[in-house]
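My questions all concern the structure below.
Order of writing sets the labels: A, B, C and D. Residues in every chain begin at 1.
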């Protein structure tokens, strides 16, 4: 039996959606602050182009991190939409998830500034990993605490397999940083692109979707 | 046939609206950070006025960019309101659109700092162009994927003609930067003003509205 | 007759509320960035207190501006709640209003840095004045364009008288800056406090409320 | 009898929720700006690790402040959900509450920079205390002004006892700063953790919940 307070606190799915949308919106927009306009360049298009070209790694980190946030924004709301209701614990799991979301602008800046240092790639990966862990823990709690819509059991299974599979892919991509950090970031981007485009790969389709023909 | 996951992920029109409102709200407010309060000016109204006058280009870029964001905010929500439902792909097109939205504060700062450099005007135009492309691609997908409200076919046609027409106008205004960058920015502002006020110009009205008297 | 496009663009009261809440939330929170933590103070409570005391004007400008934003946030939503529907023009009036809202963090910083300069007080007042103008223009348009709920005619009259009265009060408070800028800011704060507490002053009550006993 | 204006201004519970979610989202995300990526470190994982280790106090202050904001976000919405309606005064109490919320990023930075100075811990505590005061005042007003849902009288009592109890705990933790500031911050974190996990402690359960078996 839970505390009486916990029976009426943090019950609002709508508020959790709203706070999450807000945090994602701010985090996504803060990423741009990392693109600093070059100062004191001579006033010619050629010189300015030269100065802007140096922003390449920052821009790549920005694009990668933005799509990463987009992916997890979609994933979080997909998960929350499977819930018939929320409770105070689930609210806290998602506040924890949002904490990791707000760390991404920091990790992205670190990656952009130290693109050649394996530790920077490793910490960036850790951030992605923690996002996955938070969603996995949260999806596990949703089953245990019977917060799930009865009709959505299969959807939750698909969701959880997808997290495990994507984290495996991110993990392998991140490991490449021990050989070459640029190749590792490129691999992370490729994994990211795969999940956005989500092309049909029969063997993966069978693995990720537990024996269903239609949801 | 799409992935089972894609059949329940990213289906929420409400969430897409909420994230978009959030990103626009933050991007619009971040623009003001470009107006930096002058430091170490002697404490007299006259001296302060002199220092503030130097913020002229920043203020102009801020005003122009704010109304630009206002225009595309209105356009995006008008487009989304024509949809009966959204799917995961449409959600991703709009995350892409929002990425370009978050770039505008950067482009605006670049324009303000290098108002005399054609490249700065060119990149600012590119940003506007990509906003238009994202909406055009997204509106094309809405037709193809049958996400449109049945009654709104004509509205979508009007919407798409408007994008093409406005992008033509922005493009011509931007080309002027090869002659004079100030004139080019003024032309962009004039185009912007035209779309905000939207006065009646019979020849344009006929061109933009495909043979209808009432929607 | 308006453009066909304008008949379906910018019709959403809900979106206008959401963008406004977002802009106000960001602007209110950005104000705190003006309170900069003192650097390189020796590590004793006494020294730190001395350094923090210098933030006094910044803190006062922050508190004043925050309540100012609170006032106009309440006023805008009160106005929008009187509308049966919105159109594209009203959406643009409110985008204009939000532009002036995003200027307030700049004006507040200017006031904090140049508290002794009449021009800084004057520009701060101009910002408040433009907020009032935007709401007045917007409330005028609401009547003319028949966007008003039929039952709310008297409420709109009360709303408009309140704007005129409050702007008179702010204007007089601002004029004091020609004598003493500190007194002027104190007067602005007093006016602000009057509107928050809104005590009963019979003569003002009669003036502001057009001959009604109950709304 | 209140002013006619006050009878239709600030009546929207939905707007108050939305502004609050926005302010919390921005404040939570701004906290990360305090984690500054080290500059000019030699490009090796070892050196970077050394530089990052110095961010320890900042990271701790960030984590503590984020969960603090999470706690008060949950508390505020729990309180507002007990209301059948809001009025202009309650709106203002919550604007005041949000003001204190926006102060937390400042207090957190101060704590991180001056972790050894009792005054910094004291001001951080003052911020938490004011958050509690704002909610207490607001919950008192909700009873007096008959804004409460009739069925939620007991819930409000539980809510108020919880505020008093948690403020006592925060206060005792803060007092430790007179002996040792690190121990004081650790105590604050422990109190925080207690409220997040909310384990069953029979004696506290009886004290906090006024003789009820089921709500």
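Methods note: a contact is a pair of C-beta atoms (placed from the backbone, for glycine too) under 8 Å apart; a residue touches a chain by one contact, two chains touch by 3 or more.
All figures in this text were calculated on a predicted structure; none of them were measured in a lab.
At the interface between chain A and chain D, under half of the residue numbers involved are used by both copies, so each side presents largely different positions. Using the average of C-alpha coordinates as each chain's centre, C ends up farthest from chain A.
Spacing of chain B relative to chain D, judged by their CA centroids, is 37 angstrom. One inter-chain figure worth recording: chain A and chain B are separated by 26 Å, centre to centre, where each centre is the mean of the chain's CA atoms.
Annotation for chain D: residues touching 2 or more other chains are 18, 21-22, 25-26, 30.
Residues of chain D touching chain A in their complex: 17-18, 21-22, 24-26, 28-33, 35, 37, 39, 41, 43-45, 48-49, 52, 63, 66-67, 70, 73-75, 77-78, 81-82, 152, 155, 158-159, 162, 196, 198, 200, 205, 208-209, 212, 214-215.
Taken in their complex, chain D has these residues touching chain C: 3-12, 15, 18-19, 21-23, 25-27, 30, 88, 91-92, 95, 98-99, 102-103, 105-106, 109-110, 113-114, 116-120, 122-123.
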